[in-house]
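Please find the structures below.
Next come two complexes built around subunit A: one with subunit B, the other with subunit C.
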Partner chain A sequence: MPTKTVPDRNDGNFLQEVQQASEQNLTRCYQCGNCTAGCPLSFAYDIPVNKLMRMLQAGEKHAVLSSRAIWLCASCETCTTRCPNEIDVARIMDVLRHMARREGLVAEAPVRHLWDAFLTSVEKHGRVFEVGMMANFVKRTGRFWTDADLAPVALGKGKLGLRPHCIEHQDEVQRIFARFREQA
Partner chain B sequence: MNIGVFVCHCGSNIAGTVDTEQVAQAARSFPEVAFATDTMYACSEPGQAGIIDAIREYGLDGVVVASCTPRMHEATFRKTIGRAGLNTYLFEMANIREHVSWIGKDKEANTNKAIDLVQIAVEKLRRNTALFSSEFEINKRVMVIGGGVAGIQAALDCADGGLEVVLVERESTIGGKMAKLDKTFPTVDCSSCILGPRMVDIAQHPNITLHAMAEVESVDGFVGNFDVKVRKKATYVDWEACTGCGQCMEKCPSRKAEDRFNEHVGTTTAINIPFPQAIPKKAVIDPGACIMLTKGKCGACAKLCPTQAIRFEQEDTVVQEQVGAIIAATGYDLFDFTLYGEYGGGRYPDVVTSMQYERMLSASGPTGGHLVRPSDGKEPKDIVFIQCVGSRDHSVNRPYCSGFCCMYTAKQTILTKDHIPDSQSYVFYMDIRSPGKLYDEFTRRAMEEYGAKYIRGRVSTIQPRNGRYVVKGADTLMGSPVEIEADLVVLAVGAEASRGAGALAEKLRISYDGYGFFMEGHPKLKPVETNTAGVYLAGSCQGPKDIPSSVAQGSAAASKVQALFSRDKLASDPQVSSVALQRCVGCAKCASTCPFGAIEMTEFRGMPKASVVETVCQGCGVCAVTCPQGAIQLQHFTDNQILAEVNALCPY
Partner chain C sequence: MSVTQYAYYPGCSGMGSSIEYDISTRALCKSLGVELLDIPDWNCCGSTPAHASDHLLSASLVARNLAIAESMDVAGIITPCPSCLKNLKTTSLRMQRKAFHDKVESIVERPVRADLPIKSVLQTVLEHCEPEAIASHVSRPLKGLKVVPYYGCIMNRPPDVMTFDDPENPTSLDRLMTALGAEVLPFPHKVDCCGASLGLVRRDLVTTLSGRILDTAAALGAHAIVAACPMCQMNLDMRQSQINRANHTRHHMPVFYYTQLAGLALGQSESCLCMDKLCVNPADTLRLVDCPAAEERTR
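Our next item is the complex of A and B:
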């Protein structure tokens, strides 16, 4: 294994940025591994959670932000609940996803597109319009067959309306999005 | 008064952020200051010599040292000026380190504050008077609170040194936690074989009085003359008559009493002797489980007892003990693991604590030394040990390392292999803490010779599955989650302060930390002393400790008591209250507020007057603020001195 280069190991600002944005003290992590032990998605991760925490401490910005694990995280917060040092690990994962988007390092593009399709639909209708969201997702990714096998069952149960169903006062939801964009 | 002011640099501790030379210069302009200088280390030998030289050269009769906290060096400098022939109370200290240089970086502001503090000290010193100690007799008996291994060691060392010892134990037998252990690390020698003889020594020593089933109720008095009330709880058995034969236990029909000695692995009889080597070996009735005491009928034990020792009508008694010193050796309690819901929170029968496991390993324990699953009595094959349960965990307010769990877990894996040769132990650990003679070799032996599989990571959850338990943890060295199916899970629970430690500390007037452990006098230099003269510490009441350290502290505390008692008389602190007779109107308010009972009402020419018993007065000053006439004053802290300090700081 090649030795890591010094600049990659010592991006001290990166740790600071993550700590500031997540309001968490990452130096508290002592590598007990409880986050990895409890994570239901560890099997799919390219980098286990506890190793991500260590890489954050070491300032390995590029490797962390281009990992697939941060996009596979389901935000179930088991890691947060179990952490003996009271680090909100799930919140850090969320911060890392934001940073990866800004840096253009998203390793799991379909996950990102699903989030975007979901939010676009919510902004437009005040709640999610499933068929519209899926159409948007397919348009973004070209993955036509993703979960297509579930459609007949969902249709049969009336869970997949063909027309949008808006909420009352959907402008209020839109104002939330507008406020977010102003602050961003 | 000719006052000398010495401003200490304390290396760069003070001089780094305070202009000490400027402070000395400013001090020269204060009233009655005849000499002022700055000095590198006032407490060093040349520093002290400089003070003595200046006293002689400039005819100083009062000294101010501006340096660190008086807790550190007030006694040092008092001795210094004493050597130069001054009364030791013509001395004041200005704390310009803890109160100034260590807490601020602005050099100008720091210097100004240091000048203010020196001025306050000078103004107080101008009003100081020479004070003289008197002497008082000391009672050379010592009380040891807690009969665990630390208390036993302290008691035996004191008693062997010729002192009379009173040992107070909360349970019905001494022995503490060590008596519950099967074997001890790193030698794997039998715990009761090495502790048992010491316990017998306690029982047989002519200098030791043992009060078991007893707790300290109140502590009055002061070093050399403590007056302790001890509540002896009702045992419902006349211990003078009880021979410890154990026949009562065999016939007692109530078998639902909680078994504290066996860590609640099963239950026991309502009349009980906890274990065969108990000292004193006397029966005790649990009033909550006894049929006679709850329902008014039964009395099987009373009918059977060959010496008629049963006394259902017995009540608590309070005995008074006069002692000159007290050693607190109250030990620790185990962390309550039910706070961890992910480990079952106490709902899984085969998830046990390390101490319960220890009782199961012991031949005198509830399973007769056979390792079995509590749920079905079967022999376990795969045993998982989880370390740091209630240690190094912020989320349960136990961020400290309990220190001994790594070692006892290694010991338990070795014993497990000895008991069940075809078993496999797994240990989830975070770091192995084994600093000590032969300690690291011991943990390596558990892995290398006994085949315990150590996995570096914490356990996230334990889930029951088909009568076994799936332990889900991480192997951080592999970087992957791991799952192990176990028949039995042992939680290495950490140590926490003994229940009731805080209440005892308040009775003893000693301080305790945020976790309830007693505070030592100094973290390095006074490990067994406290800030209350005559009260000493031994063992885990000061912080988690293994057996060798607890024994060492027991001996250390005993040697401190021996040193204290090597004198026949002690010098009293003259910083006590005194009454100005012409002002006292005899209202007796001071006598009623004094927390130490140090004020007596006397008669002077037919008028009632307050009078202070100097050896009892602790110098707290409550009387001084109570007196409507200002007649009673705390010497060295009179109203005039305090007002002069305030005036120095707020001249306008």
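Our next item is the complex of A and C:
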């Protein structure tokens, strides 16, 4: 009887790459599920975090990097705090986002656009200019309704400056970004 | 009280959305003899967008600030913002490894020792002045005020990095608020995530997570939430109207920065503490402080 060929979903180097970039030993995960039990965003994830850890061990690169969960993680550090095997799970989630970007597999594009808009503002002014960042985010996503109801409140309370707080040596921060890109 | 000098890192939100936190932090530190010297020309630490994009970029943005602070004559670096704090402390810790240290220095193009102690303002205040000692300075006790302390998720976590208070059941804010005369209610959501910056992209997640915090605070009979994080405070206060609409609730729960309530108890005026910057009007709650009997009338 001919055997059905199963497409190879696994990438043998993936686990090694993630372990190296995160400086974590993922083989220590024994699926206790503490990370998922404590994760405040489990209810919104497509793949719960303990399952992501198992898929990492199995080398399921594409499925892990194209998950929505890695972008909805709020970096609250509950998983890292509660892991009985001292795996820095939140750091692994960071590393997965870095890799997903490089592979062009960003499942929650608006999150990425928000972060890019934030960093663009930092690169330009040295500090975040909240109004400028919001305008950039809207430009990138077309979501012109984002928090439109809060704008008058924030402006009325004097909480949104209409001019950026530029640092004196903006060029130093711009050079940090430039050298980082050269090295990357 | 003795005076100790610290390099102060206000964080970007302190210049805008959490300006009342910055102002009331400066006032509290001044009254307790903690002298703040702003890190000259400090830049943004990159917050979550940087560490979620690349760890070397995140560390390099932080390291420029560390280098500038190291040229100052200070006992350490302190910041009111937990997100800045986590980035500063994580970078300082990771830079203890030579290979990473050298990489970061080559990007920042400055020598960085990464050896200054880095603490939250909350930790600094409580180490500088025991709650009992602070109590002796109270001129307007917060008597009659029932509060829930909300630390946010990263003030104490991850514990290996933050090395302050308990990561699951911190008590520093509880002790401070009790010393100031407030009644502190046991709060199960002390360190639960509010949804952080997801409010801009997935508001549904923030209204769920922050809504739960407001629901429990109200169910416990709290008059106010005491916060220590600009992101948490903004989600609970500025977004409270959005939360009410999404969850069909009618919360009117003031969310103070702990520095505002501490300043109030230590005799600073409401205008100096920027109480008018809060979106949920705290006037009725503040009246309870003056006259506990008013609570009965407002109900």
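In the analysis below, the second predicted complex is superposed on the first by the 174 of 184 C-alpha atoms of A that agree within 3 Å, B and C clash if a C-alpha of one lies under 4 Å from a C-alpha of the other, contacts with A are read in each partner's own complex, and residues count from 1 in each chain.
The rule is simple: contacts are C-beta pairs under 8 Å (C-beta built on N, C-alpha and C of every residue); 3 or more make two chains touch, one makes a residue touch a chain.
Keep in mind that this is a model prediction, so the values were computed, not measured.
Trainee: With both complexes superposed on chain A, which partner does A:167 reach: first (subunit B), second (subunit C), both or neither?
Mentor: second
Trainee: Applying the document's definition of touch, where does A:115 land relative to subunit B and subunit C: first, second, both, or neither?
Mentor: second
Trainee: So, does A:57 touch the first partner subunit B, the second partner subunit C, both, or neither?
Mentor: A:57 contacts neither subunit B nor subunit C.
Trainee: In this superposition, which partner touches a larger number of subunit A residues, subunit B or subunit C?
Mentor: Tallying touched residues of subunit A, the top partner is C.
Trainee: If we overlay the two complexes on their shared chain A, which of subunit B and subunit C does A:32 touch? Say first, second, both or neither.
Mentor: first
Trainee: Applying the document's definition of touch, where does A:42 land relative to subunit B and subunit C: first, second, both, or neither?
Mentor: first
Trainee: So, A:85: does it touch subunit B (first), subunit C (second), both, or neither?
Mentor: Only subunit B; A:85 stays clear of subunit C.
Trainee: Report, in rising order, the residues of subunit A that make contact with subunit B in one complex and with subunit C in the other.
Mentor: 43, 78
Trainee: Which of the residues in subunit B end up touching subunit A in this complex?
Mentor: Of all residues in subunit B, those touching subunit A are 342, 388, 392-396, 430, 456-461, 472-476, 479-482.
Trainee: Under the definition above, what is the set of subunit A residues touching subunit B in their complex?
Mentor: Touch list, subunit A to subunit B: 28, 30-39, 42-43, 48, 50-51, 78, 82-86.
Trainee: Over in the complex, which subunit C residues touch subunit A? Could you list them?
Mentor: Where subunit C meets subunit A, its residues are 12-13, 15-19, 41-44, 46-57, 60-61, 64, 86, 103, 106-109, 153-154, 157-159, 167-168, 191-193, 195-203, 205, 208-209, 238-239, 241-242, 276-277, 279.
Trainee: Of all residues in subunit A, which touch subunit C in the complex?
Mentor: Within the complex, subunit A touches subunit C at residues 40-41, 43-44, 72, 74-78, 80-81, 88, 90, 94, 97-98, 101, 108, 110-111, 114-116, 118-119, 122, 126-128, 130, 134, 137, 146-147, 149-150, 153-154, 157-161, 165, 167-169, 172-173, 175-177, 179-180, 183-184.
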